[in-house]
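Take a look at these structures.
First subunit A sits with subunit B, and in the next complex the same chain sits with subunit C.
And now, the complex of A and B:
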């Protein structure tokens, strides 16, 4: 028999939820709704985007801002760059993180080694961008190379490289910074998963004569796969939103612009287009989020 | 597994925190970076816009705080202005008020007050000032109680409020004290409604007179002479230019100044103003010629320090020091008046006039820069007295002696105390036209499109293709 005082009416749960719902409404639902509305408006956000159309030019009417977001050459370049970031940085961080998780598991200075890899996470992205600008710095006026990488290159007898302004190399140079920043995050979570593996299973595999290579790919990897997927999807979302590194290091110049940079460039001068890009970014992120949540629920159900 | 999720949960919290804090940090940088540009780029006229000052394109909305020529150098102690002539009070009574609106604050505001002090003392007129940088505040004021006199860093009030503005020739103003192009610029339907109160110009090139003398170079006076000089320097194994223009998200603006000066030399001020009003498309052959000339200099290591890589990777603040290092890395740098202050700060032993100096851009038929314009919304006796003071010889002399940038009033010539300001004033006095900064005057997205085109041109992309892109942005921005 539950005491009367502990019985809840229909209202009580809502009262408990009210503060959270209120905050969600004000800070998430309303801004999201407003963003979508503004994405159909012109540059000042005061009239329909269709008014920005010029006669004789292609026009998508009220979806004009989305025409920009999906067909403008600058946007196409940004979308292409984001795709490149996804393809290279997500596997890059996960692979590096996993490698460190496995290796650190076997050394005596595990926590020290892991701390070092994790440390970049403690630096603000802006700070990391500034640091790496110095690493990539190229001295062009004949003095000694003060950028770390170019100093090494010159010492080895090679020519200095313009890492940030050379369009063949700069996107990759930026991704290295991204991997450096995020690998620690992946490592920590994956390391926890590796630690959680039951020792007897691994031992049984080794007793049965499996090589370490086989132990990893046939036993460990399948067991930590759920965690790998969670980390991967989290990284996909992070990389889709990538902004700080590009903004600080190249300002989006030299063909390095990504979606979020384009959004930022337009936010003051052309609200409508900026919001359309924001909506595009949300649309790209949502499937990953849904996948992530489904996966999480399935995991919960299994336990 | 449970432990995994605990850690995972904790990690998620960290990620949430990081992502929550991340954007905040970004905005901070975003807002500070452009304002730094704006302060440095003091001669850029602020863009007429009510938008917040976040995006680099609108950077110059935060108007210059100090005049570039006087601020960084050891500004001579402002002399107490002494009236060198009589001040005509035009019937204003002691105790009359003049309401003024301007964007000046701090040092600039006190310089202005110093200039006005003799007038205030002579006529007993009280100035009631409202300092704002917000065009919306101005707009609200104009619709209810407009200021008697307005000083504004763009000419936009001329078109916005022309029906309310008073004819300056009826307010004791002598237009002959101003060059014809100023009068033409301020005249609407035959009525003079606007004149410049102060200007900053940046159609100049910095060099080392000592180096020029040692090498037997003379200051060029035409674009041809400049070309010859540049080739002569290359033949002597010297690098003529320090072109570095890296400036974070605003990279390229130094190049846009250079190209505008080339346009002023190749085509003249009417052509540049045509670009600004859209009558000259940005992919015009004249613009192409200027870009080709610029790209040749800015991308070849024979002509500029480090070639294209040097131009796009060297910060403009480092580049402007290159002609003054020992040994000099370059012979010349095209930069606004603030460069003198930077050189003085970096090399305190160097002397202005012998070790570093500037000359007007050779062959430029007009100048580019910023200007604060004055307008009158009322024609009271006190307003007449004030405007006749500012536009007359006494006010001009005080303005020049106080050193609040350059007074475009011809009567100010020869009255400057700071030698750099005096030289800038001389360059302005010899100019046949004035153009505001193209990239700052045409609304977004033009400015960033222009910078991108300049970067791409320096990096060897096809210039005509780049200009076509900018032209599209130009026409979009101007609503054509």
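And now, the complex of A and C:
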């Protein structure tokens, strides 16, 4: 509660709030609602989306843009890829981050090692994309391979691989970049949780003869589980919105399309569809956010 | 502990160290490869992997030279004085391998020039061998950059946005017409539209106000939420905090359309306002928590002394909130510095660093050398911030990356 002595005129608080409120109203609240309205409009945002329907073709009327977002082959590919990222890249990143947090915890050069893994978070995704395009580069016109991975493959006597345009492998190649970027983020949060564990409990388990493997799974992991969940849900939201990496490395070609890139590609050419995809994106993130907020409340209540 | 037990213990820890070091290497090598490449010549980047950068043997043509010429002219080309191959004047005679072939066919002292081994009789095959030899002769004469050499040309080329086939500085020296058509070959080129120099300045112009404005407005609002009393305080704060969940993609297009109507498209003011709006919900949340947790007694005492709210805000809340402002400022600054999507949509005619890098990408991989320089120019500021403010940076990044 505000102390009595600080009571002020009725207007004063609103003078402090006015700049922030005005800007948020214009730049966050209004556009968010406008985006929903535009998602029911045609490609220029001037009339109803239903006008884009042609007789004899399937049509969802005013929801026509959502028909695109949910049934178009490119969008289906994008949804499938985002799901693949969720299933593989999120657990992969959390696992790598946790593994590194546990390993680095036991060496003396911990802070240096952690800085190295965290550093990719400081640079742009576009720059990281350039770094990894160079690693994955394939020389097709003869001459030695200058990309590190293909040079190693050739040295081992294998054929060079088109990591970014080969449709079997390119999604995984992009996910590796994602893990490289975000593992440091997961590591830092998880490392704080690991350091916060009470030493006596772990010591007691070890004295009782539990192997390190058991100590981890039976004692440590249950205790850091809340933090693991925070990191995982944050990564889920990041991955649903994944854009820059795909844009700079493949442009969404060769079967690597993702939702946010489809939304970006349609911004100029077809506003309605683009906005329907944006709405779809926030609908997908809302369940995760609600889960996060509930858990956050539960934790507050426990304190 | 006896020495043997000590050794035994270190050996048992060996796999741990190997695992940590291996992982660090995996994280460093991709960046290191690009970094080393950024100092290599254009030709070197195109023809050999960056791991060859420090090996002398990488000069092309040395193998052929050793086979056909070294027995008479020596490894450094200076034996038999009347044909000193390391002499630049000799090198200038042979601009093409066909010239060299003609010279080699002339007998010397009535004996054939090449005795053993013989060049293939087929002229095409012979030239395929002579071309690398010629290259090596030029290297000996110091005419051509050898592969072991390091250069800053990639950074110069990236700064000016050079797109030709040699490099900017040598093109300017040689007065190459296609380059002179685009560049003036003086310092004004550093600001050319397509270059990273201009993009760097654009990024600074975008990032600094877009960091300061939201922090100032957020501090004002946070002060009101923390120390002023008004109706609907809790409720309004909850709504503002809730706005953090709105992703960028939800707000881009309506603002872009609005800007077209009021003439703010591709203007710095437009992008400052956008970053301010999008950054505010999280900034208010963080600042409110910090300013609200300052001890109430100090605020009470300044009020008793008759200070106004404005004085309390300026003299007390702002200075005391500096740790929070630092974390928030670093996070917001780097977020904007590294942003691509917002700049691409709102500042299409004034490219920032990230946008300019994507403009420089050649899908066929023909200009790796320029991209390497461009990428590291964009990394300089984030790296400095990262290594000098790592504590604040980590804190800001961790609490901030949860936002939409």
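Note that the second predicted complex is superposed on the first by the 280 of 303 C-alpha atoms of A that agree within 3 Å, B and C clash if a C-alpha of one lies under 4 Å from a C-alpha of the other, contacts with A are read in each partner's own complex, and residues count from 1 in each chain.
Basically, a residue touches a chain if its C-beta (ideal position, glycine included) is under 8 Å from a C-beta of that chain, and two chains touch if they have at least 3 such contacts.
Keep in mind that this is a model prediction, so the values were computed, not measured.
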| Taking the superposition as given, does A:210 touch the first partner, subunit B, the second, subunit C, both, or neither? | neither
| said: With both structures fitted on chain A, tell me whether subunit B or subunit C touches more of subunit A's residues. | reply: C
| task | Examine A:234 and indicate which partner it touches, taking first as subunit B and second as subunit C; both and neither are also allowed. | result | both
| said: So in the superposed three-chain picture, is A:169 touching just subunit B, just subunit C, both, or none of them (first/second/both/neither)? | reply: neither
| field | subunit B versus subunit C as contact partner of A:193, first or second or both or neither | value | first
| said: Looking at A:104, would you say it contacts subunit B, subunit C, both, or neither? Reply first, second, both or neither. | reply: second
| query | Looking at the overlay, what does A:62 touch: subunit B (first), subunit C (second), both, or neither? | reply | neither
| field | Those residues of subunit A which subunit B touches in one complex and subunit C touches in the other | value | 121, 124-126, 137, 185, 188-189, 234, 238, 241, 243-244, 247-248, 264, 267
| field | Residue ranges of subunit A touching subunit C (in the complex, touch as defined) | value | 2-3, 5-8, 10, 12-14, 16-17, 19-21, 23-24, 26-32, 34-35, 38, 45, 100, 103-104, 106-107, 109, 113, 115-127, 130-135, 137, 139, 143-148, 151, 180, 184-185, 188-189, 234, 237-238, 241, 243-244, 247-248, 260, 263-264, 267, 271, 274-275, 277-279, 281-282, 285-286, 289
| What part of subunit A is in contact with subunit B in the complex they form? | 73, 121, 124-126, 137-138, 140-142, 162, 164-167, 185, 188-189, 192-193, 195-196, 227, 230, 234, 238, 241, 243-244, 247-248, 251-254, 264-270, 303
| Residues of subunit C touching subunit A in the complex | 13, 16-17, 19-20, 23-24, 27-31, 33-34, 37, 45-51, 217-218, 220-221, 223-224, 227-230, 233, 236, 240, 243, 245-258, 273-274, 276-278, 280-281, 284, 296, 299-300, 303-304, 309, 313, 334, 337-341, 345, 353-354, 357-358, 361, 365, 368, 371-372, 374-375, 378-379, 382-383, 385-387, 390, 393-394, 397-398, 401-402, 404
| task | Could you pull out which subunit B residues touch subunit A in their complex? | result | 1-4, 7-8, 11, 14-15, 18-19, 21-22, 25-26, 29-30, 51-52, 54-58, 244, 248-252, 305-307, 309-310, 312-314, 322, 329, 443-445, 448, 451-452, 455, 459, 469
